[in-house]
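Every chain is named by a letter (A, B, C, D, E and F) in the order it is written, and numbering of its residues begins at 1.
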Amino acid sequence: MVFGFGAPGPSSAQKIAAAEAELELVSDTFSRLSSSCAKKCIPKDYREADLNKGESVCLDRCVNKFFETTMKVSEIMQNKANGQQQSGGGFGGFSM
Amino acid sequence: MVFGFGAPGPSSAQKIAAAEAELELVSDTFSRLSSSCAKKCIPKDYREADLNKGESVCLDRCVNKFFETTMKVSEIMQNKANGQQQSGGGFGGFSM
Amino acid sequence: MVFGFGAPGPSSAQKIAAAEAELELVSDTFSRLSSSCAKKCIPKDYREADLNKGESVCLDRCVNKFFETTMKVSEIMQNKANGQQQSGGGFGGFSM
Amino acid sequence: MEALNAQEQKEFQQVLERRQMNEYVKMYSNLVQRCFDHCVNDFTSKSLIQKEEACLNRCVDKFLKGAERMGQRFQELNAQQQ
Amino acid sequence: MEALNAQEQKEFQQVLERRQMNEYVKMYSNLVQRCFDHCVNDFTSKSLIQKEEACLNRCVDKFLKGAERMGQRFQELNAQQQ
Amino acid sequence: MEALNAQEQKEFQQVLERRQMNEYVKMYSNLVQRCFDHCVNDFTSKSLIQKEEACLNRCVDKFLKGAERMGQRFQELNAQQQ
């Protein structure tokens, strides 16, 4: 699974909760991605109803880069969690 | 119903879920409306604690225009859904 | 309790719901606080990976001032609710 | 809504009450953040200074009056629509 | 997801449907706010003026096309990942 | 909280765990968006360029340190309040 959820959970309720959390993350990611990429690629004056060539290409690349960013960030946090044995605090890592 | 929810759902659970979704939409709409209209009508320096005449009139008109916008957008999406038989994708329409 | 929740609720479900609402408020407060203080204290160019002295001190003070603001606002609303016998409307007070 | 029977109305009422609590929480913490963002910008001191407190007072007041006014307009428009 | 048995799949399906409704609501009201913010800025009149309506039309159109395009790319990338 | 009995504490614990997962998800995707918004601004290429990757590294690091610091201060203040 893309985002690292879905760890071995015994009960049905836990498995469904994990699947739901994965889903939540995917949908949250998409909604943040759309908002960021619309801001970066689509001018706010809306002079035409169609996406022009430049806007379309920008959106494609932006989605790709956002996706790469999620992977990159996940990797950085994984390294952190493994490498330096978190000093605790609850906001310093993403291990679950 | 204002926003087009409340389609014939047989079971109690579904009817309550639909009523809840309608409620969610109304409350989400109000919270977005307040945030947009406060931004458009109320200057950020807060020199007086009272709404002055100009701010009050602006808020009234802003609420009205926001409301008209929800109707307009709903109408546009309805036309789209009817007219061109969606090419699919899941993000192209608002039919439920 | 910090935020004034936890009024005498008889049933278990209500007590848990109240505890959950309290929790919701604390976590919502922390997430707004982090977003506001990061914006106010951390420049967006990310030239270094470490928090420097100035940023750290700014964050500490910002958290403190945000916390004081929650108390202050809660106090203002309490006074309003007691003092002037709300004219109703549902958005005019924070009495629950 | 009119399609709900008595039992369903009752269940929905509970949903409503839970939501209402959440709405208050959201409204309150939104108010705190907004007024903080606009009024508090000096981090040379650890505690709120007088100028900031005065601004918070006016901001909360204005925010609540604005929210009440918008709430009334919104309800009128919703009522017309039914 | 592959770890769910038939019964769990079924329950999850219901969760999915409820979420989908919420997603639509969120997408729709986000669209309304965004187009309103960009297109409606004249408060000397009470009702939408022609210029604003035309802008809303183009904005909704463009937003939906953009969302559809991004949705497709996103799904392709997710599929590659599996 | 002190008013909850053992059984209620147990139920509340489950609520807490579910919420914690959600908090992590929210924190993580918020972090992704914030660092993306600040670090990635070149759309002449399809993949992240070196400069963007380096910025993301610093951004994540700084964000986590900042969040940890704020979390500690916040907990101290909450503890004082009890």
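Criterion: a contact is a pair of C-beta atoms (placed from the backbone, for glycine too) under 8 Å apart; a residue touches a chain by one contact, two chains touch by 3 or more.
It should be emphasised that the depicted structure is a prediction, and the values quoted were computed from it without experimental measurement.
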If a chain touches chain A and chain B alike, it appears here: E
Chain D to chain F, fewest steps along touching chains: 2
Maximum centroid distance from chain F, chain identifier (CA atoms): B
Geometric centre distance via CA averages, chain C-chain B, whole Å: 27
Cα-centroid distance, chain B relative to chain E, in whole angstrom: 13
Distance between the centres, which are taken as Cα means, of chain D and chain B, whole angstrom: 17
Where chain A touches two or more other chains, by residue: 33, 35, 41, 60, 64
Of all residues in chain F, the ones touching two or more other chains: 26-27, 30, 35, 57, 61, 67, 70-71
Touch-based graph of the chains, sorted into line, ring, star, complete or other: ring
Cyclic ordering of chains (reference chain B, direction chain E): B, E, A, F, C, D
Of all residues in chain C, those that touch chain D in their complex: 17, 21, 24-25, 28-29, 32-33, 35-36, 39-41, 57-58, 60-62, 64-66, 68-70, 72-74, 76-77, 80, 89-94, 96
Chain D residues within the chain B interface of the complex: 1, 3-4, 7-8, 11-12, 15-16, 19, 23, 26-27, 30, 34-35, 38-39, 55, 57-59, 61-63, 65-67, 69-71, 73-74, 77-78, 81-82
Chain C residues within the chain F interface of the complex: 1-2, 6, 12, 15-16, 19-20, 22-23, 26-27, 30-31, 33-35, 37-38, 41-42, 44-51, 55-56, 59-60, 63-64, 67
Chain C-touching residues of chain D, taken from the complex the two chains share: 18, 21-22, 24-33, 35-37, 40-41, 43, 45-48, 52-53, 56-57, 60-61, 64, 67-68, 70-72
